[in-house]
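The structure that follows is given in the form of structure tokens.
Note that the chains are named A, B, C and D in the order they appear, and that numbering of residues resets to 1 at the start of each chain.
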Amino acid sequence: MDYQQILNTIQEEMSYRDVTGKVASYIPELAKVDQKKFGMHVYCGDQKNFSFGDSEEKFSIQSISKVFTLAIAMRLMGEDLWDRLNVEPSGDPFNSLTQLEYESGIPRNPFINAGALVISDILLDQLDDPKQELLDFVRKITGDDDIHYDKKVASSEKSTGYRNIALVNYIKALGNIKCDVEPIVDFYFHQCSLAMSCKQLSRAFMIFANRGKILETNEKILKPKTVKRINALMQTCGFYDEAGEFSFQVGLPGKSGVGGGIVAIHPDNYSVAVWSPILNEKGNSELGMKALERFTTLTGVSVF
Amino acid sequence: MDYQQILNTIQEEMSYRDVTGKVASYIPELAKVDQKKFGMHVYCGDQKNFSFGDSEEKFSIQSISKVFTLAIAMRLMGEDLWDRLNVEPSGDPFNSLTQLEYESGIPRNPFINAGALVISDILLDQLDDPKQELLDFVRKITGDDDIHYDKKVASSEKSTGYRNIALVNYIKALGNIKCDVEPIVDFYFHQCSLAMSCKQLSRAFMIFANRGKILETNEKILKPKTVKRINALMQTCGFYDEAGEFSFQVGLPGKSGVGGGIVAIHPDNYSVAVWSPILNEKGNSELGMKALERFTTLTGVSVF
Amino acid sequence: MDYQQILNTIQEEMSYRDVTGKVASYIPELAKVDQKKFGMHVYCGDQKNFSFGDSEEKFSIQSISKVFTLAIAMRLMGEDLWDRLNVEPSGDPFNSLTQLEYESGIPRNPFINAGALVISDILLDQLDDPKQELLDFVRKITGDDDIHYDKKVASSEKSTGYRNIALVNYIKALGNIKCDVEPIVDFYFHQCSLAMSCKQLSRAFMIFANRGKILETNEKILKPKTVKRINALMQTCGFYDEAGEFSFQVGLPGKSGVGGGIVAIHPDNYSVAVWSPILNEKGNSELGMKALERFTTLTGVSVF
Amino acid sequence: MDYQQILNTIQEEMSYRDVTGKVASYIPELAKVDQKKFGMHVYCGDQKNFSFGDSEEKFSIQSISKVFTLAIAMRLMGEDLWDRLNVEPSGDPFNSLTQLEYESGIPRNPFINAGALVISDILLDQLDDPKQELLDFVRKITGDDDIHYDKKVASSEKSTGYRNIALVNYIKALGNIKCDVEPIVDFYFHQCSLAMSCKQLSRAFMIFANRGKILETNEKILKPKTVKRINALMQTCGFYDEAGEFSFQVGLPGKSGVGGGIVAIHPDNYSVAVWSPILNEKGNSELGMKALERFTTLTGVSVF
């Protein structure tokens, strides 16, 4: 089977009707999304594209944005970044605040909220206009200028984002936040509100499947070592409490978001994005997980 | 460079003198090991072998044995095993007991001690003579009958193993241990005392690099799905609190033990074992980690 | 109202029918107790006695025994005891194992199980025949030789006491247990199995209401400072997670047990014991708490 | 000895030179206080006064203010207050955030910061001008209008109060905060900045030693039951991690603040305030603890 046949098979086999989870509701604006949406897009090393469904419809990428900000922070700071962040799985969400306390405000990894907020602080501290520069970065690696923040989502998150505001204040009390709290969370809620389609996401993530170079232009954006580090982090920490399960089911480095998107890569090979807004109890897209499991099973290619 | 040249390079570059860690001391018998020991062995899909140093000297494999008992338990129970164990990284050693409490006695994964002890319980419950059957299993996949328990190490562990005895009692109180406590810890301390060389370990682990079949005989010992699950678990949970770091530095599924051994595999390709008894602060062989990092760098092959 | 009138009022007002809790079931033998039992006994400084109901029927005093073993340990070690135990409320039962880890095996106070087990270790270490000497001590301060261990209860606890065995092993791993595990838990389960009546308990606890002297003989058994320390500990730590509530409702130093007994004292004044086996969700006798609250309200005497 | 003789003895025996702790430094303004300051004031049921040293110099009462706001909140809400707060010791400061998470945002007691912030929220929600009404309340029960907020201290706390801001946001995320975050912490930092002398504090706390009535006017300000509850809470939760030690050493309900003040009461008898800014490692005035221990020893009166 070629990729398009595999995608067709997945589309035929699966439906939002088969899943039992719920759309994320804690961000009011996200709760409004049509739960029937389902799309998938594969972008290959030879620039070929395959897709089905709502693959060109934009959705809120949420935590997937943490991979972009991590990439920018690593470009700015190199390995010095790891003085302010750790690279290990965090284990349990409940313990994260206690972990912070015992570990002197050093978040376990850049993909838990505490870690992403430290990265927001770094970008705010080192960039003149971090919102614009993040947008520029994502547009550049995607080769597509039609990528924007969704202001409604950003302000919707802000209205209920007390837990994240608590985190920033807590880390600041522990000495690992430099900037003021308000602009950090403002930037963070904006990055989470980035609206992208499966097509755009899969193109953007080719940078991580292509050792840091933009496929079309061969322009080197990230060092190979940076890409290796990011991919290793996606493998071990990309799926909240379900990193182990994803590692087994799908076997690829990837990152999910509560908007229902998941993107995964196969180094030197392809990038694949899927979107279905219904989440399982661990907060990952239920149909997205299944679709990717089928995808690596049908292609017969997995890390393990 | 071919594998032997790469190994030679590693041997020339590295020495126990460059490391700053310590030999494990909490098990009296392990503290006696000569810290100068250093050996490495690569076993390839075409049955070719490459090695240097003390690669044929036996050492205490300790937690590496957890991969063998997991394989046996999966053969006995299949996916039902996951009713009694989870498959996620545990995050923090300090929290493990609290985690057990909140998660009703279901250990986070089979490679933390709590998980390995539940597996000991399963083997004890389902096998007539688990010590002998574990030995038979390891000898069979290694193709070598000269593998034994080190009784001195086993009884040395028993004399200081209060924390493990505490764990079994605690899990039993939470309802996830069936057998009596004493035989469980006796079996557990025996499995940890298995003495194997790098050569033997790398041969044994070819089963995980060869989709469950013994390379020489083509005999199918484990299902491919079982192997995939085990490899995914080694990738995310094989290195205590250093799984993320190992995933980045080495980029292979693997497992370490406090005896100073590490074994890692590249699916469909090779298995590599290294031994140096000096441990870093996370409890993994300091020289072993460096040697494997060089190995994947020099071969240019990594998962990410 | 005199004390007998007050007790009569309490007996009239209250019945096991009004409570909604359950008899302790985790110790099989305790689950067999008749839940209708209800008795109360007041012993005054002038040796007068008042009582109602099943005040002379023996029941399993369980954790109330921790006050006796603490008294013996303080007599043996004086203030040195606090090198091995702390004197603060523990907060949360779930955290107790994590607390032990962070606090190097020093239990929060002598009335949580971890603390009582350290005291068992001390008694075992320092006394020739701790079971007999505990019995002698309790008989002496009660002035009554008809006090015995309930062997059925002791062995019933042993059969399900995995959590306590876990605790001893864990503390031993952390270096704060000297003796072997088995005799410690054997002694501990025996002390918990002590069977005493409300009448006997209230007489025994007069030692804490009488600055350490036996009321009848004026024999000095404990130093006044020891008694003050024990009373302060009963006030802040005597009621598991309900110390604050008991302090408000009753306002006296006291100690409860899962057998349904509670004993409290008013220094220089009286000692009062109550028994009803139905426990509230915090593990304290539901009717016992209410009865004592009425008692201090009707007598108009409370610490606060 | 009469009270004045006892105070004289204490003043002679003790000096700031004998203590080994440090002045609180995390609030910049507090760090400037002269560490030689030492004063004590006793206020009796017959309105007699006794004192020594800096007993009329004002200092920052800090957490002692939590008793005043609790009293106001109980007057407003009665027992309904306990739907939003618990009444038990919290055990461990490190665990407080985890505790909040597990206990759905219900703080353990009104004297930990989380609890005091919930009370700030209640006062802000129910009072028109909470800052003024708190001032009015304290002035009234003290019978002294010369009590003010120290604006420098309030803004000094605000500049470093990230941990408290984190707490409010976190509790709001868990649903137990109604008002906006900013005015809550503004009010909280103001209440902590209240400047009072030992003389004023001891007079104010007579309300808790006099069953809720102002001694001079006999005006009933609080219900006796409210006072009993507050006193029980001071006994079990008034001294951070040192409630058990204080209960033993001093044996009175009391409350301390990081400004170095401690106030304690003996119901129906007296109120005593002491001030020395050097804190022990638990955050309580080192000399203050010793002085109160000597005071209850020399008077021979203690709860236990």
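Definition applied: contacts are C-beta pairs under 8 Å (C-beta built on N, C-alpha and C of every residue); 3 or more make two chains touch, one makes a residue touch a chain.
Keep in mind it's a predicted model, so treat the numbers as computed, not measured.
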Listed by label, which chains are in contact with chain C and with chain D? none
Hey, which chain ends up farthest from chain A, C-alpha centres compared? C
If you average the CA atoms of chain B and of chain D, how far apart do the two points sit, in angstrom? 55
Centroid of chain A to centroid of chain D, CA atoms only: how many Å? 47
Chain A to chain B: how many Å between their CA centres? 32
In chain C, residues with contacts to at least two other chains: 94-95, 98, 102
Chain touch graph shape: choose line, ring, star, complete or other and state it. ring
Listed in rising order, chain B residues that touch chain A in their complex are 86-92, 94-95, 98-99, 102, 108-109, 227-229, 231-233, 235-237, 241-245, 247-248, 251, 253, 267, 302-304
Quick one: which bits of chain B touch chain C in the complex? Just the residue numbers, please. 94-95, 97-98, 101-102, 162-163, 165-170, 172-173, 181
